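Multiple structures follow.
There are two complexes below, and they share subunit A, which is joined by subunit B in the first and by subunit C in the second.
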Partner chain A sequence: MALLEVEDLRVAFGPATAVDGVSFAVDEGKVVGLVGESGCGKSVTSLAIMGLLPKRSRGNGRLAPDTEARAVTVEPAGGAEAAESSPAVPSAPAPRTAIGGEGRRRGRGADVDGRAVFDGVDLLSLPSAAMRRRRGRDLAMVFQDPLSSLNPVVPIGRQITEVLERHRGLKGDKAVKEASHLLDRVGIPDPARRLREYPHQLSGGMRQRVLIAIAVACAPRLLIADEPTTALDVTIQAQILELLRDLVESEGTALLMITHDLGVVAGLCDEVNVLYSGRVVESAPVRELFARPTHPYTIGLLGSIPRLDLPMDEPLRPIRGSIQDVIRWRDGCAFAPRCDRVTEKCVAGEPALVGAVHAHRCVMAEEVA
Partner chain B sequence: MLRYTVKRLLQLSVALLGLTLLLFAWFKALPGGPENRLLPENATDQQREALRASLGLDEPVWVQYGEFLARIARFDFGSSLSSGRPVATELADRLPATIELSLAAMIIAVGLGIPLGYLAAKRRGTWLDFAAVSGSLLGTCIPIFFLAAMLKVVFAQELGWLPTAFRLSAGADYTDVTGLRVLDGVITGEFGVAWDAVRHLILPAIALSSIPLAVIVRITRASVLDVVGEDYVRTADAKGLKPSTIRGRHVMRNAMLPIATIIGLLLGSLFAGAVLTESVFSFGGIGSFVYQATTERDYPALMGFILVIAVFYVVINLIVDLSYGLLDPRVRVRK
Partner chain C sequence: MSTEPEAPGGAASRPPLQRADEPAVPAKAPLLEVEDLEVHFPIRRGILVERTVGHVRAVDGVSLSVQPGGTFGLVGESGCGKTTFGRAVLRLEEPTAGRVRLGGDEVTALRGERLRRFRSKMQMVFQDPLGSLNPRHNVDMLLAEPLKVHGVGSREERRKLAVETLDAVGLPKSVLERYPHEFSGGQRQRLGIARALMLRPDLIVCDEPVSALDVSIQAQVMNLLDELQDEFGLTYLVIAHDLAVVRHLSDRVGVMYLGKLVEEADSSQIYERPRHPYTKALLSAVPQPDPEVEATRERIILKGDLPSPANPPSGCRFRTRCPWAEDICAEVEPEWREAATGHRVACHFDL
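After this line comes the complex of A and B, so read on.
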């Protein structure tokens, strides 16, 4: 049985559906990629697994203080992704509902459905206190923006030792020593000095290393990395990916890598799930996916990578249009409005995910291949 | 940190010097100089000239300004025109009462305002939030003198729970150490006196705290809502930390930054409110003194008052700036 098995995960913010029945598995010690463009639901998926999405209030009249705290945290992310994807929709047929927007105006919080079975336990149905004991210990997360993800007024050392204190019971000098060891392990020179410094005194790459040190502090069995290199320079990106690979290899940690960068996928992942509009449209072992992309969206993604071996005046090949939130899968393929090979069959009904090792969600796949 | 402190101190002394210049210019520009206040209306021009000379008013302006500064440096604000006593003595006698009242009001405002604002933010949209927000709106709307008078009528006169006026009961035997009666009582071990002083403080302090309390509730609420949406709070949550750790170390420590600034500004403005509250409760602070000085054109007294308040503002601002440096490491190291 897989370490993490996500089954039919659905997340909705009010009337806007962000994740529409996502299923995938992460095996012990494997690196699994979750790939897709902004707004496809990949970040929301990871937050749902971590239990960091605000649950909608249940009957007792008010949100639990901590869940509400997260409500505000998550919405801007959804909103920003939706906003990011909005400019290039010249002919959006129906009024767009921003993923975060509606949820923000109505009652705060997300409706989360489905299962995320981790080590035999469904994380989504765990009480919040039990989930709190697992977060940071059994499964940990590295976020996208290392500057804003660290507390600006608390020294680096404290931000590491607090997690050691909480989950490993280390106190005082022992915790500091372990924190210093962790910084050393993620490749930060002079760790004793860095422990006393504040986030703004560190470079972007070092901040991300600190976040990684925090995430691996309790040797979690699953590490979720949500676009950990997006905010970094290209050279630093390579270093951080290298570090992640080393850590998961040496510790046998499973890694769920969330990214829009197929280069990252090719270099790091064992298996890939391509997400489009809140659903997995193709999933395959990484070599298989790059060798035989099946879904037109995957083909488009691969085709849009700029190539150095083509003449300079060769235009880039983007996928036309952009992701749309109002189109539901049950009315047909959500990618159909942007697909070059669309036929009537595509919009006739919900396309199913077919195939086992290499699965795809496209009725025209046979013809395409 | 030392460089930061020295820099702030230099900036503040420049501000104070600017203020003395303004004050001096203002008093020069006022119509009907002090000689008109001191001399009978039928005084001759000669008498006026003589008095102006004796007051140094015939010297060149810059000499007068120099004299003015020199006297301020010696805490010599002249004598009050109405009481004849030195202004410095008058202020020194009355200032402790105002300080005690302002501090008590601030303790109430901070002690209640921050927890209330926090709860309002955490339970945004509930009745508690609504009550806190509308209550604080009410707090800023009710004039202090009205609130003070109502509190006095209800709790002192009708219910008789608390004394109506003054800082201590008549005939109370106390030892003066700092001039802050509660503190004095505790220092000297006269706890009966301290308790008596507390009972006299409660009503005026509540009246005076209404505006700062309302402001602190709103600022805290807004600040907490801001911080709670930050990525680092999500990180703290992803670490699985206890809610109390997230609240104290990650939310409040950041939310305190704007709150600290506001508290400093409010503390300064409390002196203005104290003038009204003190008069309702005959509290014997600088309030009644200033009221009298204003109506009687007692320039030396006013000048002394304004300077003392200005120094207070400046000192409080310095404390706020320094505490900001302590609270926010980014301020400390910024080049």
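After this line comes the complex of A and C, so read on.
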């Protein structure tokens, strides 16, 4: 059985659906990619798994867990106010598609449905205290913007020893020594000095290393990284990707890698899930996906990237329109307004995800394949 | 797997190569010529009496030229001075030293009214399409504004030009009454481009024109920039950190590091045969969307971060991160030399 199995995950913010039935699995020690353009639901999916979404209520009437828990994996020493201001949760955007909210409660927070089974336990139905204990210990997360995930007024060292104390019971010198070891592990030179410094004294790349150090402090079995290199320069990105690759190899940590960069996917992932408008439209082992991309959206993404490994005059074949041109999944294929291969069949109802190892959600691809 | 490349055997003992006497003769006179451009920002300290305690050498002696109808791509990491260079070329930033000529006119010598009028020949497209458009102006006003400033045309003529320009960037004329926030990121960038086009400039400086956009939209905007270049006979200076984007758009490329060019060549040359260690490292850092390539690709992982441009390292500025660095690199600044026809590089060695 998979380490993490997400089944039919749905997240809605009032009338706006962010995640519309996402399913995928992460096996022990594997790197699984979630790839797609902005707004397709990558971050919301990961926040839902981590129980970090603002107040949720469930169709079955279970209680909503506390909001301050969304203070990253780092739950910094600064306490609740730092946690509250954490922008881990994207700010509320304009409502886009609405899907049937039958029987679902509406409110400012997120409505979460479905299952996220981690090691046999559905995380979505765990009481918040139990979830908080797991977070940082069994699963940990790294965000795109390391500066806002760290507490600006607390030295790096204390932010790490906090986690070590809470989850591993390490105190005093022992915790400091371990913190220093962790910084060394993620490639920060002169760790003893860095422990006394504040986040603003570190470069973006070093802050991201600190976050990774905190995330791996308790040897979690699953690490979720949400665009961890998007804000970094390409040479620093290369350093961080190398570090993640190394962690996965040496510690056997499973990694859920969220990115919009197909190059990062190709270099790091074992399995890939391509998301469009809140659903997985194609999933496959990484080599299979790049060798035989099947869904028109995946094909379109690949045709949109200028590549260093192809001749210079290779034309770009962009996808037309934008993600705002969308229809509701229950009415047909959400990609239909932008798809070159659209037919009437595509909007005659919900396209199903077909296939096992290499799956796709396209009625036309079915006929081709 | 990172590789720590070995220093070229015996290269240190070889005298640094001399610059070729005659540079390749360009076919036409360049439209844009920049000579030894410097932009230094003073660092001020003090409460009662402000003193200048140093300078950020954002641009520290950059020379390049762009042929009419050509595209020069300037690439480098954050903070290396790309934007400052672009702004100084357009005189949006006052150069500390150096000269900029556009079509034979010396931009750096223009003052007052003459400079103001000259600006219609050179325009800028920004990274953040929303931040560069006044949110309270509808598209009609946004597009007419540059014309009004330069006193071009009547109301009707301006409107006609706006509709033509919108058409050129692929937007219907019905958008004239709409406001920036009503558009998607890609549409806003089309608006930003339309605005830059309104005065039918000779040169457009595009500062990170696609980096805020989604992958599929990036491709649309890159294709649009290509089409517009032919249609309006534009010359581009494209500034970007994405090497693949720069390669796709440019016919000539300059790589910048800490305020200086370290390598400059035709696009095909620089990507096929990078000569500077920094260019090699940059290229090797870009992940390719192909698992087969990724599995075997040689990666040069640079150590550490970019040093501060206020206090660049002695000798070669790249030496603190360069895998090939030798003693001479800390002592002697490498010459900007022509290593092959039309291919310039600032490194002591031939790699």
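Following the convention adopted for this analysis, the second predicted complex is superposed on the first by the 302 of 369 C-alpha atoms of A that agree within 3 Å, B and C clash if a C-alpha of one lies under 4 Å from a C-alpha of the other, contacts with A are read in each partner's own complex, and residues count from 1 in each chain.
We adopt the following convention: a contact is a pair of C-beta atoms (placed from the backbone, for glycine too) under 8 Å apart; a residue touches a chain by one contact, two chains touch by 3 or more.
These figures come from a predicted structure and were not determined experimentally.
S.K.: Go through the superposed model and pick first if A:149 touches only subunit B, second if only subunit C, both, or neither.
M.R.: Only subunit B is touched by A:149; subunit C is not.
S.K.: Pick one for A:323: touches subunit B only (first), subunit C only (second), both, or neither.
M.R.: It touches subunit C, and subunit B stays clear.
S.K.: Quick one: is A:223 in contact with subunit B, with subunit C, with both, or with neither? Answer first, second, both or neither.
M.R.: A:223 contacts neither subunit B nor subunit C.
S.K.: State whether A:162 touches subunit B only (first), subunit C only (second), both chains, or neither.
M.R.: first
S.K.: Quick check on the superposed pair: does A:242 touch subunit B, subunit C, both, or neither? Answer first, second, both or neither.
M.R.: second
S.K.: Using the superposition on chain A described above, determine whether A:309 touches subunit B (first), subunit C (second), both, or neither.
M.R.: Once the two structures are laid over each other on A, A:309 reaches subunit C alone.
S.K.: Could you say whether A:264 touches subunit B, subunit C, both of them, or neither, answering first, second, both or neither?
M.R.: In the superposition, A:264 touches subunit C alone.
S.K.: Residues on subunit A in contact with subunit B in one complex and with subunit C in the other?
M.R.: none
S.K.: Taking the complex as given, what residues does subunit A use to touch subunit B?
M.R.: 50, 52, 61-63, 65-66, 68-70, 72-76, 131-137, 140-141, 143, 145, 148-155, 158, 162-163, 166-167, 198, 200-201, 211, 214
S.K.: Subunit A touches which residues of subunit C in the complex?
M.R.: Where subunit C meets subunit A, its residues are 2, 77-78, 184-187, 214-220, 222-223, 241-245, 247-248, 267-268, 271, 281-294, 297, 299, 301-302, 304-306.
S.K.: Subunit A touches which residues of subunit B in the complex?
M.R.: Within the complex, subunit B contacts subunit A at residues 122-124, 126, 225, 228-243, 245-246, 249-251, 253-254, 257, 327-330, 333.
S.K.: Write out the stretch or stretches of subunit A touching subunit C in their complex.
M.R.: 37-38, 189, 203, 205-206, 233-239, 241-242, 260-268, 286-287, 290, 300-309, 312, 315-320, 322-324
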